[in-house]
Structures are given as structure tokens and as C-alpha cells.
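Just below sit the structures, each encoded as C-alpha cells.
In what follows, subunit A forms one complex with subunit B and a second complex with subunit C.
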Partner chain A sequence: MAKLIDIIQRESCFQPGSSLCMGCMEAIAFQNIGKLTDNGKKTIFTLGTFCGEVSTLQFPNPVAWGRGEKTPQDWTKSFGIIHHVFESAPTVAEGARDMADLLTETGAMTDSPQVVALSGDGGALAIGLRSLLHTVHRGVRIVIFVLVNDIFANTGFQYSPITPLGADTSTTPVTEMTLGNVTPPLDYLGLMIQAGAGLVAQVSPAYPKYFFRVVEQALACPETSVVFVPSPCITGWKYSDGETIRLAQLGCETGFFPCFMKEKGKKGEIKFLEPDIAKRPLIEEFMGPQRRFHHLVHKDPKTGLFQVRPGKEVMVQKIRDWIQERFMTLSRLASDSL
Partner chain B sequence: MNSDSSICETAAGALYSNIINLDKVKAAHKPLAQEQLTCEADGNTAAAYACLQMWRCILFAGFPITPSTKWLETVATMVASGKCGTKKVKLLEAEHAVADYLAGAAAACRDLICATATSSVGLDHMTECTRSLGASGLGNVLLINVFRATANYPLCIEGDPSDTLAHRDDGWIQICCRGVQQIYDTILQAPCLGMHPEILTPVMPGYYGIKDSHRSSRLVVEPDAKVHAFQDRWIGPAKLPGLINGDTAMGNCVTSKFFQGFKIDQKRRMERTFELLPQIGADFEKTFGRSGLQFVERLYWPEDDVVDLAIVGMGPDIGTAASLIEKEESRRGLKIGVLGARLLTPFPRDEYSKRLKNAKAVLIVNQAHHYGAGHLTLDVTEACYTLKRRPTIVSCFAGMGGATLSDETWQKMMDHACATIGKEVKRIPPVIVHEGEVLWQS
Partner chain C sequence: MEMICGRLEQIINEEVLEIRGDGRAGSGIVLTMQSIVAMAVEDPTLYVQEWPFFSSARKGAPTRGFLRLSRRPIEKSSEITRPHIAIMMDEGVTTAIDFAEGVPRGSIFILNTTLSPEEAASKFRLSGRIYTIDGDRLAQHFLKKPLGNISVFALLMELIPVFDPRRSRTRLEKILKKRRLPELLVKANGDLFEASLNQARFADCDYARPTDHLASPFGGYGELMPGAQSRLRLSRSNLTSAYARTGFVLQFGDSQNLCNGCGHCIINCPENIIQFHPDPEIGVRVTGADVTNYCKLCHECIAICPKNLFSEVRTAECWKVGPV
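Then we have the complex of A and B:
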């Protein structure tokens, strides 16, 4: 692995100029992915339709992507990026990968590029699950990043198949009769392992060292790597400015988004999440600052602590149970050398 | 030009021209035919041979759907045999995925052709992508559409161009073929059109399922070297960057301010087809001695364009019509001409105006279901609108779902059209004709 200081000093392909919300974790992730891919190899990015596309790839000002203002003299620093349709970034990447490999095979090209796909969780796990699953199944050498903000953020914060239980979204609203989303989220990490991915990870830039290590490993993987990046969404999750990194850490430490990595044929690891529930932060600390959970958790004016609203204990317990159930599943997957 | 002479600045970003050595790709091609061969082949096999002979066509993607599947099987078998050099066949999980994959591959390298074949609901399943591809400028995508009735209520696997006609506005150049040799010849010319730097539009050649995809006849296969020499005259190194050899962004978001300009450019490129298609067709004819691309095929048509009744149709059945005309002319005492549609999109209205300016009546035979007068009728009628003396337009539907067009059916349709000649008629409602009987009248 390259030294942290060296990675930080690299030139990112994600430049100022995007119209992503202030405090968006996607921007932080892109900035870091941009540095990590500045590794002496040409990078091709394929984008599905999501916030990370519509807010960064605007004509005539695609200023958010590319290395430097001038055309790079070094081809490996040049940048190819394509947005095709909502759901197909992995398959588009597969096409680019195969073309590059064929050119290499014929001797028409010597230095092969690295190919990276970017999607949102709605694009990858709802409408794009077919594309994601089959590209992973075919084992093509690409890295797929899925930016996980639990919703279709780009279209106005609607329910996606990994929206947490109890979350208030614009299509699972909280009313006097309803408690937000009641469908348990899809087990996307298990799904990708079962599909045969070479590397499956969930990692946040809130843990930069680990993020760098996992992404470098993903870029070096000879098969498909799928990296889920939990991305607190300031507008969709409805939290205050300046909370993004802290919420990303709490999301991991409470078990909503455990940091995880598993390479095919090796045991995996769960990071930054205590196995002992008693040692973890309370989930109320993660939920409390987000108004999407405001109907379940509120701040006690006397103690200043977040606590479950009276009468909502059953729903919050369901969330705790789901977190623990998923932790047990991940632990089983991590202990296996599948 | 940048200080490094291998880096060219283009409107779409920088192009690093020394990154991909296309000579190596060409050298890796193994010829299917060293010299001219004659064989028996069906339409799908002829289409597959044409693709396999092009050195630029190294990536094939597919998903099986009747009646196009044999194209995929043939390509897969030939590539697996190692007889074609370094090529790859990618089997995907759905037609949508095929189109996604082609987009990525074609964008990665604009110089190489990425091909597939599909049909009917397969083409429909690609729709989201075909519309993106149609606007993408990726003229190196080749989609062979084997005509089959679209929609599965009721499911019908026989030849009917309702699939291709439903996709007329997807932004592709669409060319209709008739017969095995024309299928082969058209596919060899198609990338010359689509990849031309002034056109840069994907091409969708098509032919009738079953009637042409599955029927065998004599096919002349040209030597690969001759095919390459012909194509190389028309296809030079791409002038725009791809994802591999470029510093470029594709598929951006735009505001309405830029959207319309984008569409005007797309339209401008598409319309360059009118000038370049006849040139490519003439070069093909000079090189191979067979008719090249044309706007329309004059199957039975006088040099002076003077006819009483003009018949316009497409596909193999229009050939049947042509074989009946000599007898029909003498029986009816009228001059009758037959035109077969070749270029469907962009529709060559000037060519139709020119050919139909003297006709008293035009019988248009539609083989795809349509709630109005018929797809072909609408386009031909529009082409005739500016004529000083407009012919009477007679619209018939026949052969839908691949039904047979018998001699009696042609005669009945001609009766229907001839009855209008010399009469003051404002509008003739369309009819459906089968086995010499009118099945339905509006």
C-alpha cells in the first residue's frame, strides 16, 4: 500500500465545481477515489444516474472531473468518463474493460486502464440490480463503487430497497397511521458475496486509512470489486451542517453501516464495530440528529440525550434487532473462507 | 495541436493518438475468405459472415431471441473456433445489458465496431439505451434488427417490421434489406455510413424474420482483403477521443439552453446520410459489381419515372410484386412501377418526391400494425405533399405478423388502387387485405 502522505498529495480527478450539497459525503468520497486512482494508470469512470452524476457532469462545465485545467501531457493522468443510463454503470464499465483487454491482447495497447463504475444505491440495488449482479457474476476486472445514502436522493429522497426501517422518506412518509419505511433493507453485502465478487467491502472515508487500504486493494483485485460507501445525505437525512463525518462514524459504530471487507477465498473482517452491543454507542445517537428518525427518537430537554419517544419502543427495538441480525450474518460471512 | 504532437485538442476533449495502434488490431484479424466464395446461407448467417469479415469488428455481444439467434450462434461458433483471430463474444443477461455493454465498449474505442443482433421485444427491451446511443455520436455501434412483430400479445415470431418502425425516432440510421445477398452487402457498407466523421450515428440494418433470416439462398462472400480495402476508404482513424485514448466526458447533463443545440447537431449529422449514402453505394457497386446502398430500390421502374400506378413496399414481398407487374400492366393497360424502401431513417423524402411526381396513384403496402394510415404511408404522403400534382395515396396493410402476400392479395390491392385513377378522390381509408380478400376497412 502506498503511504498515506503520498496518497493525500496526489492529484484528485474530482475537482472543485460540482453542485453537490455542502456537506455531501459523495463529494468527500469522490475526492478520495480521485486521489487513489491517480496511481500511474489511466482511469475510465462509468456513471449511473445519481446525485454524483447530475451534480458533477454538467455541460458545458464538466469542471468537477479531470486532472488539472490543462490537458495532461501524461496519458495516464487523462480522464475518460461516461454517463449512460440510470442503472447500468457496471455493465457499461464491463464493455470498456473488455475493449481495453482486447486491445491489449492484440498488442494494440500496452498500458491497460483501470475501469471504475459509480452508482447510487437506488441505481445499483433497485433498478440496476440486474446489471450489478450479472457483471459481478461474470467476474470482470472492474471496481464498482455504490454510494449508499439509503434513498433515491437525486429525485427527491424517495424509498430505495436499502432504506432503514422506520426512516421517513418522501414515499414512505410518517403520518399518524404510519411509521416510515417498514420493509427490511436488502442484504447487499451478502448478495455480492454470493454473486462471486472478488472483493466486497463497505467502507467510509470517515476512516481514511482504512478507506485507502480497501480501495487500493479493490483496484488491485483481478476480479470484480464492489465497494459500498455509506454516504450521509445532509438534505435527505435532514441533519445539521457539520455532522457528516460524525454521522458516518456513528453509522458504523452503531451497526447501521459496519465497515467490512472480504476477499473471495479469504476470511473477512468487520471493523470499528464492537461485537459486544453494550460497548457500542446507542443507536439513538445515530438516529437522533437526523430528522428522518425524528418521529422515533428525540432529544430529552433535561438531559440533552437522545432517547426513544414514548410509544415508539417497538419500532426502535425492531431496528436494533435488524442491526444485530445483520451483524451476525456479516460475522458468519467474515468467518467463512468462501 | 498540443506541444506533444500525438495529443490533439478536439471539441470533445484531448485525443492521444499514439495510445491505440490499430494496425495491430488489423494484423490480428484472420480472414474468413481469402478469395471470393459462393455458398448457400440464410440471412442470419450472411449477416454474421459480414460482421466477422470486418477487421474493426472485434467485439460481439448478444442475447438470444427468435428469429435473430442464429446470428449470435454463428458468430460464437466461428470465434470459438479461433478461425477469426482475436475477437470476443460476450453473452449478457438481457438485451438491455447488451446495449449497455455496447455503449461502454464503443465509447472506449471509437475506431472499432461493436455489434449485436436482436429482434422484436429484444429491441424494445433495449429502448432506454438505443435512444441514448442514437444521440451519443457512437457511430461504431452496429445493431442488426431481425424484423418481428413487437409486443407479445399475441406472441408471433414471424417477420413484421413493427419493431424497427417503432424505433424510428431512436436516432439510428435504419436500412431495410431484402434477400441474403443484400443483407450481407448492406452490413458491409453500414459502418462506412455510421462511422463517417460527418455522420457519427449508429446504424440499424434490418431484414425480415423467417422470410429472410431463415431462408437460404446463394451468397457471394467477398475476400476479407477486398472488404477491408473498401471499408478503409471510408473509415479513417476517429477524429474524436474515446474513453481509452481521450481526456473526455460523455453523456453529460445539459440545461434546455444547450439541449436544443445538441439535438440540432444530431439532426445535422443524421441528414448528412442523404449525401454520403449514394457515394458509399456507388463505391460498393464499382468495387464488388453489385448494387450498393440506395435510398430506394427500383425493382420495376422506368428510367423516366413516368407511371400511372406506383407501388411502394419493403422487404422480400415487394420482390413478389415486381414479378407480377409485366402481366398486370398488360391486363390493366396501365404503366405500373415498384419501389422497395431501403433507407427508412432518415426518410429520403426528396427521392420519393422525385420518383413519384408523375404517378397518378401510389399504393403503399404496410406490413406493420399502425392505428393510422401506416408508418410508410405517412412518410411517403409527406414526401408527396409538395408535388404540384399530388398522386392519390392508397394505403393497404398486408403481411402483418409475417403473413404470406399471395398473388391474389397483390392483385386485390392493385384493384383497390387502380379504381382511384382518373377519379376525384380526397381520401382513401386504409384496408387490410389477405388472400385476395379485404379483411377490414376503416
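Then we have the complex of A and C:
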């Protein structure tokens, strides 16, 4: 395990010049994934269509990816990028892995590369759930990063299967009659464990040390590892500048997307989330700054604290129940050494 | 120089009034154009055509809006290259594109800026009637956000003779409600609209030299493929510091050597532009950031630094003349 101070001095393959929103968590994740994959091996990235792909690989200027002055012949710094359609990031990665293994077996290639698939939550869990599930099921030695921003951010903030309860999206709007999303989110962590992934984790770069540890472990894993990266979306969640990291931390501490890691055959762990509900921050603090929960939580002008709107207690209680229910599910999964 | 501002009604009746707006993703150029359309469709004798243009670039990137308005059927559907009214929604875009490109002499310019019409005209070298409105300041008062779009919409309502500014407020609020803005915000926008009426200053100026603002001729497809050659691909330069809020810049000050080497700013900078050097004592010592080229001013480093070494400062630098 490399030390944090060494990792941050490495060269990232994600360069400035992307046209992502200011303060985008996906960009922060790419920076750190780019630094973590600078470990002396060639890396092959496969990208499905998602925000982080369309805004960094614009045709005349795919400048956001690259390692500056390094030539492609510099094997330890070299990397390749394959872009494919929405659902195909895991399957294309699988193909790249098979080809690399074949070339290594025949002796045509001496150093085996590492293969990393990047995908958004809509691409991976709605459109591409089939290919994700089958790739995990086949146990290919790749790392799949799913950048979870709870919506289809690229196409205009539509509902995705893991949009939280009550969230206002383009396709689950809040009107006089409706209260935003009413479908409880898919239990994607449990799903991946059931499919037989070698390592399943949910971790955000807001916890750098843990993020680095998990990703290094994922890169070393001999089976498929799936890492979900919660990425607060400044435009889709509609919050002010400079709150990305704070919301990522609050989201974890309130239980919306707890830090979680489980390796196959070992006990898992839930991090940075108090088992005791009384010790956790209130979920209103997480929901308040985001305008997608504006109809449920508002800022009290007198006290300056975020409060549940009168008449919306039932929905907020539903969210609390869902968080607790999922915490119990995750605890059960973590205590199992399957 | 023939001014067209007296002829607007005639243009709408007999020709097609063409409006082009330059702004940034998030600066509200689309909302302005759509609000005009919503006003126009109320009048059954008006034909209207509107579409925004933007690339896959996100918040802060240059965007363009086109609008045609006429009492005759509109047969053109091309990009507007010689508009009667040119709008500049955000001063920051002038560093990336030329909002006055191809605008004939004597046309109307609408600028959302703190400058006076004469200052703006000499700075951007414009010829015609220049209207300036300080929409950012007005919006800061009502919305707590520097958004000039409602003020520009109010000015357009006053300018275009076929519309009645008194009825625009209800239409605007209807559109905002459709966009599912909270009730209070809709009301604040309505108030802002009314406060913006009669706030614009104007002057007739003639500063453009014959060589200024010429539409660049088609230079062939060159080495790149045809799709890459589109003049409308506005994000070509990819110097993303133009996405940042206009008039502000990130500043790093560590005169007392307070940096404790925690590295949080380096890890959490989306653009990877924090400059540092290894330090035997504390690991890494941050020395600054490359703010001139890529900083989008996302405020993450300001929020995360435990010693509050980063700050946002007003700058005169950002207001310099772009490559016009």
C-alpha cells in the first residue's frame, strides 16, 4: 500500500481542460483514479457514455485525458481509452482483458495491463445492468467504477433506478399531486455481492485515505471488483458552489450512501456511519442544501436550521426508514463471510 | 450610419427580426429566448423560431441562442450570422468568442455589464445603439445571485415594439413555474423583472473599424474531419478558466507558512491545478494554483482548506478586452 503523500505526488492521467461542471465530483474521482493507476502498469480505460465521457472526450479536443509529455512508448505511463455506448463499458473491458491475457499467454506482451471500466449509474444500473451483471458473474479480472450521481445527468437529470425517495427529477417531478420519486432505490451493493463480485465497495474521494486503500485493493483483486463512487452532481442536485465534498461526507454520515467494502470470503465493513441513529447528523442537513429536496426540507428563517416542511413528515420518515432498512441490509451483508 | 432601432416594427412586419445572444451555460440565455417565444405565441399573427446552441460542455461553457420573429412565415432555418440585435449576457464569454461577429453597423447591442454604453462600445469596438444594463447587480439584490437574464428580458420587452411589458411578468412567472422553481423564487424573479424596467442606459456610438468583427471566412476542412470544423464548436480552446464566475479569481496566500501538508486541496481539486513541491517536514507544501488557464472557481479548495489559505477575490484582470 502506497502512502497518501506519495500517491498525491503521482502523475494523473486526467488533465485539466475537461468541460465538466465546476466542482464536479466525477472530475475529482478521475483525478484520483488517474493517480492510483499510475503504478507502473499500462492501464486500459473503457468508458460507457456518461457525463464524464461526453465532457472529456469531445472530438477535436480530447485533451482531458493524457499524461502530458510522456510518449505512448513509455509503458509505465501509457494508457488507452476505449469509448463505447452506454451499457458496454464492462463488456468492452472484458474483451480488452481477454485479449491482453491471450497476448500475455502467447508471449507477445510481457507486462499484463490493468483494465478499468468507468460508467455512470444510469448507464451501469439502468441501461446496462445486464452487461454489468454478466461481466461480474463471469468473474473477469477488471475494476468497474460506477460514478453514482442518482440521476441520468448527461441527458437532463432523469430518474435512474437509484434515485433516492422524494427526489425531484425531470421524470419524477414535484407537483401538487406528486412528491418526487416514490420507488425505493435498487440495492445495488447487495446485487453485486449476489452476482459474485470479488470486491464490492462504495467509497467517495471525500475520504481520501479510505478511497486510496479501497481502490488499490480493487486493482489488486484477482476477480471483478465493482467500486461505486458517490458523486454529488452540482447541476442535478442543485446546490451552491463549494459544497460537493461536504455533501459527499454528509451523505455518507447520514446513511444515504455509506462507505462500504466487502471482499469475497471475508467480512465486510461499513465506515464513517454511526450504528446509533442518535449520533448521526440529521438527514435534513444533507437534504436541505439541495433543491431536489426543496419540497421536503426548508431553512427556518429564525433559527437558520434545516427543518422538515409541515405536512411532509410522512415522506421524510419514509426516507429515514429506508436509510435504516438499508443500513440493516448492509450490516447483514458485512457480517456474512460469504 | 443607419440606425435600425426606429425600424424594428417595420422589420417585424415586412422582414424577419433576427436576435442572437451569447451567454454561458447557466447564465439564462435559453430562458430569455424561451420567454420571448412564450410572449410571441400569445399573438396569433406572429411567427417565431428559437433554438439554443451548445456543445456537450457543461455549466459555464459558452452557449448561443438564436431567435427569429416576424409577421410573415419564417422560411430560413439557418444559424443567424448578421443579427439585428446582439445580446451579451455575461462579460466572461467575451474572452472565448466574439459576440459582435458579423453584426451590421447600426444594429442594436444589449450588454449585461457594469460599464456605461460609451465605455462598453469603446472597449468592444461597437458601432450602433448600445444598451447596457447592470443585471448582475439587480439580480444580486433580488435573487442573491448574479444572473442578468431577467433584466435583459425586461429590456427586450421594452425594445421590441410588438410586446407589452406590463403583461410579460405573468408570462415569465408561468414559464418559471413550468421549470418547477420554488414559489418564492418565482416571485423574486417577477419583482426583479419589474425593477429592471427602465434601468437600461443607451448611447449611439461608432467605434468599430472596418476590420473589426468580420465573420471569419470558411477556411476549408483542413486536417480535421468535417465534423470537427464547425464554427459553432465554441469550446475549442478548452481553457476552462473562462467558465469561472466573471470578475472573480482564486487567490492563494500563505505568507506565514501555515500550509500543513494535508493534501486535501490537491486530492479534491477537480482540475488538478494545485501547485506544490515535496517538503521533507510536512510532506508536500502547496505554493499556489494555475488560475489563469483552467481554474473554474468551483470553491472546493476554499471550502476544504483547514487553514483557509484559499480565497476568492475580485479582479480587474478578468475585465480586460477579449480577442475581439
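Everything that follows uses one rule, which is that the second predicted complex is superposed on the first by the 334 of 338 C-alpha atoms of A that agree within 3 Å, B and C clash if a C-alpha of one lies under 4 Å from a C-alpha of the other, contacts with A are read in each partner's own complex, and residues count from 1 in each chain.
The working rule: a contact is a pair of C-beta atoms (placed from the backbone, for glycine too) under 8 Å apart; a residue touches a chain by one contact, two chains touch by 3 or more.
Keep in mind it's a predicted model, so treat the numbers as computed, not measured.
In the overlay built on the shared chain, the residue A:208 is in contact with subunit C alone; subunit B does not reach it. In the superposed model, A:271 lies in contact with neither subunit B nor subunit C.
With both structures placed on the common chain, the touch criterion links A:246 to subunit C but leaves subunit B unconnected. In the superposition on chain A, A:41 makes contact with neither subunit B nor subunit C. When both complexes are overlaid on chain A, the residue A:280 reaches neither subunit B nor subunit C. By the touch criterion defined above, A:312 reaches neither subunit B nor subunit C. In the superposition on chain A, A:131 makes contact with subunit B only, while subunit C stays out of contact range. Of the two partner chains, subunit B is the only one touched by A:66; subunit C is not.
In the superposition on chain A, A:99 makes contact with subunit B only, while subunit C stays out of contact range. Residues 54, 58-60 of subunit A lie in contact with subunit B in one complex and with subunit C in the other. Contact residues of subunit A toward subunit C in the complex are 4-5, 8-9, 12, 14-25, 27-28, 31-32, 51, 54-55, 58-61, 63, 168, 173-175, 205-206, 208, 234-235, 241-246, 291, 294.
In the complex of the two chains, the subunit A residues touching subunit B come out as 42, 44, 46-47, 53-54, 57-60, 62, 65-66, 71-73, 75, 78-85, 88, 91-100, 102-103, 105-109, 113, 130-131, 134. Partner subunit A is touched in their complex by these residues of subunit C: 26, 55-61, 180, 182, 224-225, 227-228, 233, 235-236, 238-240, 243-244, 261, 263-264, 266-273, 278, 283-284, 290, 293-294, 296-300, 302-304. The touching residues of subunit B, counted against subunit A in their complex, run 2-4, 7, 9, 13-14, 16, 19-25, 27-28, 58-59, 61, 86-88, 90, 92-94, 96-97, 100-109, 112, 114, 128-129, 132, 241-255, 258.
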